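Working notes, beginning with the structure itself.
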Amino acid sequence: MLKLENIRKSFGGLKALDGVSFEVNPGEILGLIGPNGAGKTTLFNVVSGIFPSDSGSVFFQRKNITRLPTHQIARLGIFRTFQNPSIFEAMSVLENLMVGNHLQGRAGFFSAIFKPPWERKEEQRMREQAQAVLKGIGLSDSADAAAGSLPFGKLRMLELGRALCAEPHLLMLDEPAAGLNQRETEDLTNFIAGLRAKKITIVVIEHDMSLVMGLSDRVAVLDQGRKIAEGAPQAVQHNPAVLKAYLGEEDWIKSLRR
Amino acid sequence: MKRDAVIWAALTLLVFTLPAFVHSPYYYSVLIIIGIFGIVVLGLTMLIGYAGQISLGHAGFFGFGAYFSAVLTTRFHLDPWLAMLVGLVATIVLAFLLGIPTLKLHGHYLAMATLGLGMVLQIIFKEEVELTGGPTGLTDVPHLKAFGMVFASDQKFYFLVWIFLLVLYGLSINLVHSRLGRALRAISSNQTAAGSLGIPVNRLKLLIFAVSAGYASLAGSLYAHYLSFVNPSPFGFLVSVKLVAMVVIGGSQSLWGALLGAGLLTALPEFLAVLQDYEMLVYGAILIVMMMFAPQGLAGILAGLHEWVKNRDHKKNAQA
Amino acid sequence: MPKPPFPCLEAGVGWHNQLIQYLVTGITTGAIYALVALGFTIIYNATEIINFAQGEFVMLGGMIAVTMLAGLGLPLWLAVILAIAATMLIGLAFERLAIRPVRKASVMNLIIITIGGSILLKGAAMLIWGKDDHPLSAFTPAPPLHVFSAVVTTQSLWVMAGTVLAVILLHVFYERTITGKALRACAFNPKAARLCGISVERMILFSFGLSATLGAFAGVLIAPITFTSYDVGTMLGLKGFCAAILGGLGSNPGAILGGLVIGVAESLSSGYVSSGYKDAVAFLILLLMLYFRPAGILGKRAEKV
Amino acid sequence: MKKLAIVIVFAALAGIVAFSVANTAEKATETYKIGAVIDATGPQSGLGEPEKQTLTMLADDLNAKGGINGHKVELILYDNENDATKSVLLAKKLVNDDKVIAVIGTTTSPTTMPIVPILSEAKLPLVSCAASWKIVKDPDTQQTRPWIFKTAQSDSLAVSKIYEWCSQNKISKVALITVSNAFGDSGLGELKRLAAEFKIDILDEEKFGDQDPDMTAQMTKIKGTNAQAVICWATGKGPAIVAKNLKDLGMTQKLIMSHGIANQKFLDLAGDAANGIILPAGKLIVADQLPVTDPQRKLLIDYKTRYEAKFPGAKVSTFGGHAYDAFMILTDALKKAGPEPEKLRAEIEKTKKHAGCGGIFNMSPTDHEGLTKDAFVMVQIQNGKWELIK
C-alpha cells in the first residue's frame, strides 16, 4: 500500500534519514520505533509532504507521491496526527472535526457565498458525520466548547477524531499516547484496535512499548536515520541490533524485555 | 451563523430606519464614509481575522478601485458601473498575481511585503500624471446612476453604499460559515495541520487575499463617485494602518466587530475634532490602551459583557 | 516632452563623473537608514517585535537636541548627550508602560501597539514643538571637501563616521561585555538564557533603551542635513524597516548593508532612472528580495520566515 | 432565520416610505455666519496656520467695530487636517448644519477640489485660498464655475513672471526640481506649458518627496546639464534642502524658487544658503520697500503690524494674505449686497480695483480670480532679507 524506497533527508549537516526503505501492507498496523532522534517524525513529514525528501521515492497505491504537495497527498487518503496535538484552538470541537471533513465536501467559493440548497445539504451531512465521530471519541458533551480549552488527553482524542473524519485509507499516528496517563492510554489502545475493523491501515510511532507491541502486526525500528530491523514484534524485541541501538538507555531495554 | 444572521437583520433594520432620525447631510456623509470603510474592513477581516494573514497595503487596492473608476469615467467616458466592474476585476487579478509570491511570507515579512506593495501603488498614482492627474488628482468624476435615479444627494448615496455593504456583509457571513470559512480559520491556526487535512493552503490564502482586495476596490469606486474627486493622499501607508486598526480595534474574530471598528475610528475623529491638536495624541493612546486591555477588540468586550450578564442571571436563578 | 531614458548620456556628460557623487550621496542617506535599521534589529533580536515607533526615536533625538541648543543655549556636545539620554529614557518608559504588559500578545496586536506608540509620540512632539521644521547647524561648519569628482559635506562625514562608530561600539558591546553577551543569549534562546540566570525582562528593557539611544544618535546626526520636525520619523522609520528586512532581520551587519543598499539604490535611480520613482525602486528591490531570498542578504537561510 | 431577516427588511423598506424628509425651515438671524475650512494641521500646516489666525483676527476686529451693517459676524472655522475626505465632511457640515452664508477655504487645491461641487450644488459662494485654476474653471469645458472664487495667485501668473525675468536676464535653459505633491505638480505643469511661449528650454525635470532627507542626487544630475538656472517649485523644508545642496555642490547656476517659500520659516531653515535666491512673491513680504504710490502698500503694512501684534512671535505670510483677501472680498460684498446668496455671488463677481494682499482684484463673470501677473514682484534674498528687484 505504502512503499518507501531509499529515502534520504538531511538538515544542514545532519542526516535525519539515510536511505530508509520499507513497505506497509493494506489493513495492517505497523509500529515504528527507535530512540529519540532516529528520524521517525521526519519520515512522517516526508510521507505527508510537509518537507520533501532529498532523494528516494514514496509510492502510495503504486502512485509516486514523492513530490506532491501536502494537500494533494491528503487527497489520496493519507492523514496523520502530530507529536504535539495541532488542533485549531480558536475553533470549537465540532468545527475542528468539520475541518477534518474538508475533503468530503465540494462547495467552492461561489457556492459558499450564495449558499444554494445543495450546499446546505452538504453542510448538514458534514455536520452529522462530524457529530458521529464526536460520539465515537466520547466528546459529544464538549461539541461547542473552544478546542483550546480541552484537557491534554482529550486533545489527543480530538486530533485522532479529526483525522478519522477525513476517512483515511492510511493513518499515521505520531506518538498518540505521549503525555497520556495509564487509563487514557488503555482507552486509546482499545480505540485504535477498533479501527482495525474499519480496514484502516495504520502506521504508529510510539515510545510506549506495551502499546506498540500489543497493537502492531509488524514493527520497524529506525536508528540514526537507518532502518535496523523489521518484523514481528516478538522477533524485533530480541534483535541484537535493536538492543545495541537502545544501549545505554536502560529503561528502554527494560521496556523492550517486558 | 444564527447570531450573525440576527446581527445582519438588526443592522439592516438600523440602516433603513436611521433616515427617519437623520436630517443633516453631514451625518449622512459620516455614515457614507463609515460604510465605505466598512466594506474594505469586511474583506480585510476575512483576511486578517479568519485567514490570519496581515496586510499593510490594502489602501493601495482601495486606491486602485478608486482610480479605475475615476480614470475610466473621466478620460474614457465609460459607464460608471462598467468602470466599477472593470476596476473590480483588474484589482482581483492584480491582487492574485501579487499574492502568489507575497503570501508565501509570514509575520513581519508579510507585513513588510504588503506595505511595500501599497507604497509602490501609491507612487504609481502620484507619478503617472498623464493618466491619474498626479498629486493634484482627477476632478469631476460623474455621479452613479441607476433606474433613472442619480446618486447625487447624500441620502441616496447613503442607501447605495449601505445596500452594497449589507449585501457584501451577507455574502461574507455565508463565506465564513462555510467549508471554506472553516478551512481559512484552520489555516490561521496551523497551516501545517490544515494542509495535512487536504486544505490547499496557498490557494485559499490567495483566494481570500484577492477577495479582500476586491472588496477594497468596490469601496474605492464608491469613494471616487461619492467625492467625485480622487488624489493619491487617501491611499497611503497611514490609511492602510488605519484600516488594520479598524479591524483589530473592532475585533478581528468577527465581521460585525470589524464594522464596529470602522464606525468608531471614522466617527471618533469627528468627535475628537474639538480636541484639535490633541487628536493625534488621543488616537495613539486609544490604540495602545485598546490593545493592552482589550486585545480581542470591541467585539471581545461586548462578548465578555454578554457572558457576564448571562452568568449573573444564572446565579440569580440558582439562588432563587 | 518625452524624456530620453538617460538624459545625461545624451547630453554628452560623462555619467561616471556623477557616479561617484551618487555613491557618496547614497552612502550618506544609506548610513542614516542603517542606523535606524540597527535600532529595529536590536529590539527584534531581543523580543521578535518590530518596533514601528523606531522612527520617532530619531525624531525625538533631533528635536530635543534642537531645543537644548537653540532654546537653552547649551554647547553642542552637551545638547547631543542630553538629547540621546532623554530619548533613551523615553524608550525605556515605552517598554515598561506599553510593551512589557503585553509581551504575550499576537504579532498583529504588537504591530498596532507600536504604531499606536509612534502616533502618540508624534502627537506629543507636535504639541511640544509645533509643526515647524527646525534647523540644526552643522557640527563643524566648514566648506565641503572634494573627493575625486565628488563633493562631500562635513556633515556627511559626521554621519558616516558616526555610523561606523556606532557599529564598532555595538560590536564591542555584544562581544566583550557581560550585558552584551547576555543580550545575545536572549536573542539566541530566551528559555536557555533564563535558565542561566539572565533576566530576560531586563534585557528586553535594555534593548529598548539601546535602540532608542541609537535612534536619537541618528536623529542628531542627520538634523543638520535634513532639518527636523515632529513628522520626520515616519518615512525614516519605514525606510529603516525596509533596510532591516533587506539585510536580513536580526542581523546587525545585514542592517548596515541593507541601509546602504537602499540609500545607494535611491540615489542611483534618481540619477539614472527617475527621481519620482526612486522610492518605488527601493521598495521593488525589497519585494524582489523577499520573494527570492526572504531571509535577506545576510540572514540565516534556514531561518523560517 | 433568513425568513425573519427578509420580513424585517421589507418592514424597514416600508418604513422609509413613511419617514419624514428633512425640514429646512430657516430662521432669520441677526448674525452673519461665515464658514471656513482650513488645512490648519497636517503636512500643509505651514500654509494653513497663518490663514486660520488671520481669519480669527479679522473676524474679531470686524465685530469689535460693530460688524457688517449692524450684523455681527460669526466665523465657524474647521480644520480639515489636509485630508480631502475631511474637507468634504466639514464643508457639508457648514452648509447643512451650521447654515453658513458663504465658505472660505480651503488652503490647498487637493482639499478645495472635492468641496467645489458641494458649494456649487448648495448654491453658496466659496472663496478659496488655494492656487489651482481648476478651482474656478472646469478643466474640460473651460467654463467659469459660477459660485466659486479664489484669491491665491494662479501658478501660471508666477511662472509667467519667472519666465519674463529669465528672458530679461538672458536665461533660456533651465532645469526643474519639484516636490511630488499637488503644489509641485501644478507648478511643474505650468512651467512646462508656458516654456515654449517664453522660448525657454527645459533641460531636466527632477522630483523629490516632501519627507526626503536629501536632494543631492537630483542636484548632481542637474549639475551635469547646461542649465543656466534651476527652478525649484515646493513649499516647506524641501526648498531649503535644495538650496543647501546647491551651495554644497558648488553649483553656479541661478536658483529660482516659487512664491511657496515666501515666509520667514524658509529663511530660518536655509540660512546662508538662501542668499541670492530669486522668486516671484506677493508684495506682502516687501511691503516697506514698495514705492509710496503703490495702492497696496498701506494695507500690507497695516495687515503686517496688526497680525504680528496679535500673534507675538508669528511672522506674517503670503498665505495668511490669501485668507485676508478672501475675508475682505467676501465681507465687502456682504456689506453691499446682504446675505442673499445669489446677490452676494453677483456682488463678489463685481469686485473691481480691490486692493488686497495678493494684488489688485478685478473680478468678472468669466474671471473669478481677478489677478494678473503684476500681482507678483520679483524678489531676491540677500543676507536673510527679502529685497525687491526693481
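Order of writing sets the chain letters: A, B, C and D. Residues in each chain are counted from 1.
Methods note: a contact is a pair of C-beta atoms (placed from the backbone, for glycine too) under 8 Å apart; a residue touches a chain by one contact, two chains touch by 3 or more.
The model shown is predicted, which means the values in this text are computed figures rather than measured ones.
A centroid comparison over C-alpha atoms places D as the chain most distant from subunit A. The chain closest to the protein's centre is B, with centres computed as averages of CA atoms. Distance from the subunit A centre to the subunit D centre is 71 Å, each centre being the mean of its Cα atoms. Subunit B and subunit C, compared by their mean Cα positions, are separated by 32 Å. Centroids built from CA atoms put subunit C at 48 Å from subunit A. Per-chain CA centroids place subunit A at a distance of 41 Å from subunit B.
With touch defined as above, residues shared between interfaces to two or more other chains in subunit D number as follows: 41, 180. In subunit C, the residues touching two or more other chains are 126, 234, 274, 276, 279.
Within subunit B, residues 126-127, 277 each touch two or more of the remaining chains. Shown here, the protein chains touch in an arrangement that is not a line, ring, star or fully connected set.
Inter-chain contacts occur between A-B, B-C, B-D, C-D. Within the complex formed with subunit D, the subunit C residues making contact are 1, 3, 7-8, 11, 13, 17-18, 21-22, 25-26, 28-29, 32, 126, 131-133, 135, 137, 144, 151, 153, 222, 225-227, 229, 231-232, 234-236, 266-268, 270-271, 274-276, 278-279. Looking at the complex, you find that subunit B touches subunit C at residues 48, 54, 101-102, 104-109, 111-113, 115-117, 119-120, 123-124, 126-127, 237-238, 241, 244-245, 248-249, 252, 277-288, 291-292, 295. For subunit D in complex with subunit B, the touching residues are 1-2, 4-5, 8-9, 11-13, 15-16, 18-20, 22-23, 41, 78-79, 82-86, 88-89, 92-93, 95-97, 109-110, 113-114, 116-117, 121, 132, 134, 138-140, 180-182, 184-186, 189. Interface of subunit B with subunit A (complex): residues 171-172, 174-175, 178-183, 185-186, 188-190, 192-201, 207, 211, 253. Note for the complex: subunit A touches subunit B at residues 48-50, 69-71, 74-75, 79-80, 82, 86-91, 95, 98-103, 105, 107-109, 111-115, 119, 122-123, 126, 162-163, 166.
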